[in-house]
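Here come two complexes built around subunit A, the first alongside subunit B, the second alongside subunit C.
Entry: the complex of A and B
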């Protein structure tokens, strides 16, 4: 295997693949990228067994072949090279030699046969989504996904393609986001898929200037193609919790408040909250809301009054400040509406002015205030 | 409500760190050890490790927690002294009681280090540099031991400062002189380093991230991949990126890198983590047995938390293989817990994910950290607390309290009992 390639082309591909390469893994080969030179094209592939990415780039081929090369070392040396061409050649025993105008570098590669094979996306159905819409969906939901691998069903965003609309839901069981788009994506596909958040975070970088994205949905995997890049992900085969039933129906205490003011007050007050619980208290009353926190451990405390309109019986409710901040910062109108019922039940948060064609609603569970 | 700290914003916290504490105590007992490469630790033929190494020994690359056999290979003329813990405890008590003379607010963080809140003591002991020198002198004259002292506005910066105040080695032996250290300008006298208010971040900035408490090898490696080498690089790192990369830990990393730290001293012995580990006489390959041992360990550490009404957010599994290769694997729970099963599930998952099948294990252990009070974060899908499980564990705890550990066993650990009995027969 031998080819010549522009340094910047190679570097760009290796950088992108770095997001897929797992930082730690029990399978050492996953720290490598697989290079395949075939039919005058060079493709580079990375996988963490859940997500795979292939990038195809231009290179001048001298001999076809395949080899796996450690991604980090390969990227490091490529990044340090000056602009220009470099030649990549596989010698005996998968020894890889890189040659530039300045010198030669040698890395030990691994046989391509050891590299995991690409998932096949069987019996696929296609769904077309606008790039801009998908970016927005990921931006609004991904933050609420659980990082706890003891709850695998919550480690992705539920994409629910229905006949007359499209819904995306994410939750870590303390907060929940539901994004509804009142138009079904093109393709006529109907079905639910839990898509790993890591895949969505990688995908979102490719959506910047893309009009339409096609999701090729198979039995166990989804493949998305964008230009010279193909991204694959395993679908999370778990039951997503029944999120509709947890939406409260009778939250009669209503707050309307300026979003920016609310958010910056939460940010300031939370600095003084306990580092483990991040607990802050909201006192809701006729004047709006009063935020406060106290931490016995560091002997710190803070309180702020935020103007707002509150309609209902007075209420004192506690939250994890990080969760509250996440929720407010992902709403996007100037004013936020929140509806409460009691100090131990879920509150609903939403933008006062929803964007046309969509509905974005968030739920947040409180921290029961300690005595 | 007035923030309690507001009336007195400027704090002065000293961190006192004893230099090669165990070795120094041994040298007091036996002055012939002076100038020799000495370590304190157990029998080199067994599986013991270095507990403390003299600066002469460190020049050979020996450090604490290194297997004794390896230390001996690095330095065949090494002098190994068996530990005399009662002597160390006596010296610890002596240091503690003299520190208490400087301020009533004292926290001994371990046997060889402690924090002292010197806020408002300028009239008694002079400015920070003088107070630090006085403490150091008094430790030397009364106990014959040497200490390094860091002073600043918080515990974190003072801890790093005392580390920077440590002797690098002996210049006569050709070691790097401390003159090369970037922190040199903060050194006010031998072994005393003062970081004035407002200069915390500037002091930390040039130091490698590995010097920052809470930045273990894994974090350091991950930061390196982000191009972060010094604490200054870390302080300059985008908060969103840190959060994305390390979660909540990232937020606190960023704050610490900017020199923000706690000033709260707790008088009692503070517990930052609870752990339990076991070294096997014969390396183990049986996964079922490893799981059972792990389960028993989880029962013990979680019961400790339950007694204190605490919960842990992080579960760490420690595995040691033959050849002393030691790995720790951690998982941060979404919901802090003190329930045996939740903690065991996390630990067992770590075991299954990280132990290559059939690989012999020399030591297994579990640690719980990120401790806090019981959180009352409600759950959307399980609003009622898992009362039944909690009641069951309370009952088990009570039974064991009265009748001993073996009074009641869980399925996971029953076969350990049979095994133990078998061994006794």
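Entry: the complex of A and C
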């Protein structure tokens, strides 16, 4: 195996793969990236057994072949090299030699056969989504994903591809986000998949300036192709809870408030809330809402009045300030609408002006206010 | 099969492979039995059989892609959980390996590699007293994902009794997974001490007992691995009671020539210690127990075998059947120095001390009593102090 490549090309690919390479693993081979030179292209692959990534780059091939090299050492070497070309050659016993205009560097590789095989994905089932749209979906939902391993179905975002629309849902059982796009994605695939949030976070980086992204959905894996990058993930094998039934239908107390004003008030008041509970209370009345918090431990308190339009009986309701802040900050119109029922039931938050073709709704559970 | 020299427990294996063939394998097994009887090896063979592309004669072929990955413990659907030391503080969501230092991770990798090539290799990290709850949390997270290769997901928990030590937190965290296992998943918990596991774990697993290895099988393994003289192998296996972990430890303790050195050194230390240095010796040993319990166990085991040799030599006067035959001079010197010694009593005192160390006994106090017992036995007096720690003395 021998090829010549621009240093910056190789360095860029190794940097990107670094997000997938596990920092600690019981399998030493996982700290390596697999380099395959074939048909005039060089592909680099990394995996943590849950997520796999392949980046294909241009290189001038002299001899085809495969070898696994330690990602970290390889990246360090390329980072310290000046701009220019370098030649990569595999010698006997997987000994890798890098040659530049300045010198030669040697590093021990591992046989490609030791590297985990690439997941097989049935490419017959595919959907195409606009890169910008997918990025927006991830941005609006991923924050609400649970980290609780006792509820593994909530550790990813549910992607529901339907005949007439596409829905993404995430929840950690305290808050829930439902994003609906009213056009079916191209490809004709209909089905539900829970995609791990770690994968979605890595994927977002590849969605900027990408027109269309293809989701190839297999039995156990999903592969997303974006330009020269292929990302694979294992699917979460759980049943997502029936989220539609938790949306309340009869929340009759309605609030309309300026989003920025509301958000900054929550941020300020929450500074004085209890460090453990982050509890703040909202008093909803004809003048809008009054935010307040008290922390007996640090003897601190705060209150602010935010102007708004409220329609309904007065209500006092408590929230975890962090959750409330997350919800408001992920809505993006100038005005936020919220619908309440009682101090112990879920409220719905959404943008007053929804973007064309989409519907973004967030649900937030209150916390019982201490007397 | 993935191991060429695993000594098969035929009855147990037939039971397992019949269940596999009939498609009615229990989702959770508890492999229990004495140490070094090949429970972990059988668990790995079962994992390989379940994922093998072309099983032969009721075992994995050992040649297909899946078997090759199983044999190196690199199969993406094989999860091995072992006790880990907690060197760094861990947050609830941290991966368990974050608790380790880089050197520990390398050691663990090397030990797992060794386990892949030797079914009787014991994966043991220094200071690993419990299975971390983070290991179970990670297991819960990965168990929710679809299998990487579409076959069976095999979850092996070695030294499973450490799920409940020092607290049952990890055992409790595992309960839900055992109760509602993901499809195509088999759990195999392996332990030498099933009595330390909570009943809630027992009730969720199918128990399978692996007795001590038959002499012939264990001997064949030792001879093929270590090229040992058959007579030496006989003595070693006989004395280790079929425990191949212990036999391997004895053989790995150094050159054959230094075998028994650890026992000899410890005994010398116990005999020579001056009253003013007594406390230091006990503290050193107690500290060794806290930091490297396996090492202290090993030394005490050697000491017991040494006493056993002294008993044999004093009774028979012959160098035959000695484990430490190559150290006959030192053995004879001990016999001459302590002509009235009760070597059998001393050996029993060590055995009793070893079993008590596993329980919640103050190690310094226990070791003090053990040393006193041994010294008494060597003077020809019987004084069961160690045993008295565990149970009150009976009526006179």
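Just so we're on the same page, the second predicted complex is superposed on the first by the 365 of 371 C-alpha atoms of A that agree within 3 Å, B and C clash if a C-alpha of one lies under 4 Å from a C-alpha of the other, contacts with A are read in each partner's own complex, and residues count from 1 in each chain.
Following the convention adopted for this analysis, contacts are C-beta pairs under 8 Å (C-beta built on N, C-alpha and C of every residue); 3 or more make two chains touch, one makes a residue touch a chain.
All values reported here derive from a predicted model rather than from experimental measurement.
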Room on subunit A for both subunit B and subunit C (clash or fit): clash
Subunit B versus subunit C as contact partner of A:334, first or second or both or neither: neither
Partner chain in contact with A:298 - subunit B first, subunit C second, else both or neither: first
Partner, of subunit C and subunit B, that touches more residues belonging to subunit A: B
Subunit B versus subunit C as contact partner of A:50, first or second or both or neither: second
Which of subunit B and subunit C A:152 touches, first, second, both or neither: second
Subunit B versus subunit C as contact partner of A:26, first or second or both or neither: both
Partner chain(s) touched by A:234 [first = subunit B, second = subunit C, both, neither]: second
Subunit C region in steric overlap with subunit B, selected from 168-176, 204-212, 222-230 or 258-266: 168-176
Intersection of the subunit A residues that touch subunit B with those that touch subunit C: 24, 26, 147, 149-150
Residues on subunit A engaged by subunit C in the complex (per definition of touch): 24-29, 49-50, 114, 116-117, 119, 147, 149-150, 152-153, 155, 196, 219-221, 234-238
Residues of subunit A that touch subunit B when the two form their complex: 23-24, 26, 72, 146-151, 171-176, 241, 246, 272, 274-277, 292, 294, 297-303, 318, 320, 322, 344-346, 363, 365-370
Residues of subunit C touching subunit A in the complex: 65, 69, 72, 74, 76, 80, 93, 95, 97-98, 100, 105, 108-109, 112, 137-138, 140-148, 150, 176, 182-183
Complex interface listing, subunit B residues touching subunit A: 1-5, 218, 222, 225, 247-248, 252, 262-264, 313, 331-336, 345-346, 349, 353-354, 356, 370-373, 375-383
